[in-house]
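Two complexes follow with chain A in common, the first pairing it with chain B and the second with chain C.
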Partner chain A sequence: MFIIGELINGMYKNVREAIAKKDESVIMNLAKEQENSGASALDVNCGPLSKVPVEDMKWLVLTIQKASKLPLAIDSTKPEVIRQALEITKNKAIINSTSADEERLEIYVDMALKYNASLIALTMDKKGVPQDKDARLELAAGIVAFAQAKNFDINNLYLDPIVLPVNVAQPQLKLLLEVLHEFKIISEPAPKTIVGLSNVSQGTCQRSIINRVFLTMAAAHGLDAAIADPLDKDLMDAVITAELLLNKNIYCDSFLTAYRKK
Partner chain B sequence: MGLELVKETWSSAINIVEIGQTKDAGGSRGSIITVGGETGLPFLHSESKTLNKPVTVFEIWDVEPDWPDNLKSPFGKNLKNTLDWAKLCKNEFKAKGLCLRLAGAHPDYGNKTVDELAKLVENLLKQIDLPLIILGCGDDTKDNLILPKIAEVSKGESLLFGSAVQDNYKTLVAAVLADGHNIIAESPIDINIAKQLNILISDMGMPKERIVINPTVGALGYGLEYAYSIMERARLAAFSGDAMLAMPFICFVGFEAWRAKEAKANEQEVPNWGSLEERGILWEALTASTFLQAGADILVMRHPEAVKHVEKFIDKLMEKN
Partner chain C sequence: MFIIGELINGMYKNVREAIAKKDESVIMNLAKEQENSGASALDVNCGPLSKVPVEDMKWLVLTIQKASKLPLAIDSTKPEVIRQALEITKNKAIINSTSADEERLEIYVDMALKYNASLIALTMDKKGVPQDKDARLELAAGIVAFAQAKNFDINNLYLDPIVLPVNVAQPQLKLLLEVLHEFKIISEPAPKTIVGLSNVSQGTCQRSIINRVFLTMAAAHGLDAAIADPLDKDLMDAVITAELLLNKNIYCDSFLTAYRKK
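So, the complex of A and B:
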């Protein structure tokens, strides 16, 4: 599973303070810790409260790149913030994210092509998050068709069905798992699938176990990637084991260590 | 519209392992063996690179072997003396490397002493400048005595030592690591154990580029397909990024092929099986050729005619397709 570490986000107090004080060590440690715990990429978000998001994002990118060689998922709602960050990323980056609205796709698909980046696309539009499976699938098909028309490599496209908290939209989670399969048959090559995992347990008292079980269920439904907390060792162990049981890696007695040595 | 072949692209390659150290590099070998580096399944040259040609090496023993006559005949009386046997392989049969099996160390097969065997290896290194593979006798206790000593007297030559197994790897790995040699990790046709053993060996600090996998193979008619599928599965995992399976393969083809009754039953016993002379050679050559297709990097062989067939086949496989 391609795990994008979620901990460098201005929503968290330690990150917010580090940005304010330009304290590089906090950010560099977070980058290193996530990498050492098995993250495949790092999400970077300067947070909704940032008054100078372009500067803050650029500082975060430069700081992280001092500590880690992992690809970065540039996470912002503002195209200009993402564009300026892409200018300075050393490795192939991931744009996080576009919606299914055509005007946003227009901006972000072009941007991904220009900077040879991957693109996360949420299956929601101006009307909000769809309440059923078919509407999500329809938006997903629209995103893929748009990307194909622009000759964007579908291998670099991640579709996010948008996971809602279990205490808000309980009936939807089963449908979300089902739609992961259906996204895969939209095109050949198939788009990749991604979830923002921690959302599923937002506002609950048992966050870790809910995240862990949902991620293993999603893995069994073919999920390719998740934005998650790689420092949650139980979560990482669960996903490594899930992939082992799905025959994605060869068993050996030390399979947990072996996976982390990759 | 022309037919377009589907090409597979992989993310990872097999490690490159070098056996032998030349004079310039502090050893005394006249040549070295370099294997590994494949970036895809064997010999699909339009899809991936087979960086280094697979190699054949000749198996020699420290005592006269109990082989069938049709296998002994090309070597004649040289089988009685390891150094003569080694020279014959180098000079007459153009061997690229030698694999010395210390069968005579076994408590039931001569029980040769540590010093005796260390002396033999020293002489062999002095007189023959080919890269060398050293195998123990298969008795763990005895091997743990002789192999560390031999590793010590051959320090600087970057030999390949075998075999580390799951229940007995620490002593040999420590010796090989200290004296700068390479190691064979042997598993009983079991991909899970192969991977686990590589983890255990790397945990002791052995660089991955100094490990060669002996997956254990079977001869034609004796589980060859099973061994083939294990090797293929390990390779597919390695090319997809499993670093603990990305080591070159060594296959003891001669050992397996010449155990088969088809390679040694004479014409009186089985008149409709054809000439014994040809049959034995073909049994070894066909077994070896099959494992080349599964990704074998080093083939340890016995009969010089079989080696000749296989070398010719390797050259053919290395041509662009």
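So, the complex of A and C:
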């Protein structure tokens, strides 16, 4: 499982304050801690409150790159923020994210091609998040077709079916698990699948167990990647065990430590 | 998830000793503890070392029935042990188990009909446990066809794909998850699916996490029932959370306690 560490995000107070004070050590430590806990990549988001998002995002990227060589998921709703961050990203880059709207796909697929970045695409459009499986699948097929037409390598495309919180959209989650399979048969090679995991437990009182049980079930349905908290040891242990049971790593008695990516 | 508590089994020393001393309190406590921890039924097995299995099994059944009204899974390889136990079982009964061999099906389907019992059927035969999905499916289809021909209610049939330990048959587990879906489309109404969970972690150093991650993944693949240890609180919490995410119980903040069967 490709875990993108979610902790460098300006919605968290420690990150917001580090950005304000240009305190590199906080950000570098967050990068290192997540890498040491098994993250395969790091999300980078300056947060919705940033007044100068281009400047803040560039500072975050430069700071993280002093501490880690992991791929960076440049996370913003603003194309210009992402573009300017990609200009200075030396690590492998992931664009987080485009929607299925054609005008956004046009911008982001071109950008991903130009900067040799992977691309996360949400199966939603201007009308919002679809309520059923078929509508998500239709948007997914549209995204893949668009990317193929641009000769974008589908191996570098991550489809995100959009996980909603269990306490507000409970019936959707079973459909999401099913749609993870169906995304894989849209094309050959198949697109990768990703979820923004923590959203599933937003607003609940039992966040950690909800996160890890949902991630385990999604792993059983072929999920490739998740944006999640790699410092949640129980979560990472569950992922490692799921991958063992799915025969992705060979069994050994010490598998929990042996397969923690370092 | 229908959890059949596995702890009343003569392969455990405390049970073996209780049988030898006819110490009812040990057995009654095991029955109550498992029921209070969320078991939906109780497995009853006098163990492979019993010299007088009919007598031991009957004593276990009579003793458990003093403590619990849960269904009893009468667990033996000997038809006569099961038959005599069913004679005195007042709780709902489950026969554990038949294989796919026709001569065993003949005995056990008739017995299940006579005693109004459910029936667990292992998808294995004299040749052993099949190594691939198709062979398991073929045996499953044969079991269902046999039961249908006898007018046995398929709602009361539990197909067990036979879980093997991850440290000896690791590649099989992913196939088992897939076959759980396929068992469900053999007939209408569909047979139920069951696993002997603890087998997956037999001989490993991390039994609890392997058990609960595999059960979570199997739940995500529609598993109906498991023979497992209901006193493993982490396991039961994982099952309850999985069922919540699969929309089987309505979300509430206290779901972990609210949906613990008591």
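Going forward, the second predicted complex is superposed on the first by the 260 of 262 C-alpha atoms of A that agree within 3 Å, B and C clash if a C-alpha of one lies under 4 Å from a C-alpha of the other, contacts with A are read in each partner's own complex, and residues count from 1 in each chain.
What we mean here is this: a contact is a pair of C-beta atoms (placed from the backbone, for glycine too) under 8 Å apart; a residue touches a chain by one contact, two chains touch by 3 or more.
These numbers were taken from a predicted model, which means no experiment stands behind them.
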item	value
Fit-or-clash call for chain B and chain C when the two complexes are aligned on chain A	fit
Most chain A residues touched (candidates chain B, chain C)	C
Chain B versus chain C as contact partner of A:Leu245, first or second or both or neither	second
Contacts of A:Asp253 with chain B and chain C, given as first, second, both or neither	both
Touching partner for A:Ile210 - first (chain B), second (chain C), both, neither	second
Once both complexes are placed on the shared chain, angle at chain A toward chain B and chain C, C-alpha, multiple of 10 degrees	70
Contacts of A:Ile4 with chain B and chain C, given as first, second, both or neither	neither
Partner chain(s) touched by A:Asn167 [first = chain B, second = chain C, both, neither]	second
Gap in Å between nearest CA atoms once chain C and chain B share a frame through chain A	7
Contact residues common to both interfaces of chain A (with chain B and with chain C)	250-251, 253-254
Residue ranges of chain C in contact with chain A within the complex	166-167, 170-171, 173-174, 177, 200, 204-206, 209-210, 213-214, 216-221, 237-238, 241-242, 244-247, 250-251, 253-256
Residue ranges of chain A touching chain B (in the complex, touch as defined)	249-254, 257-258, 261-262
Contacting residues of chain B [partner chain A, same complex]	191-193, 195-196, 199-200, 202, 233-234, 237, 241-245
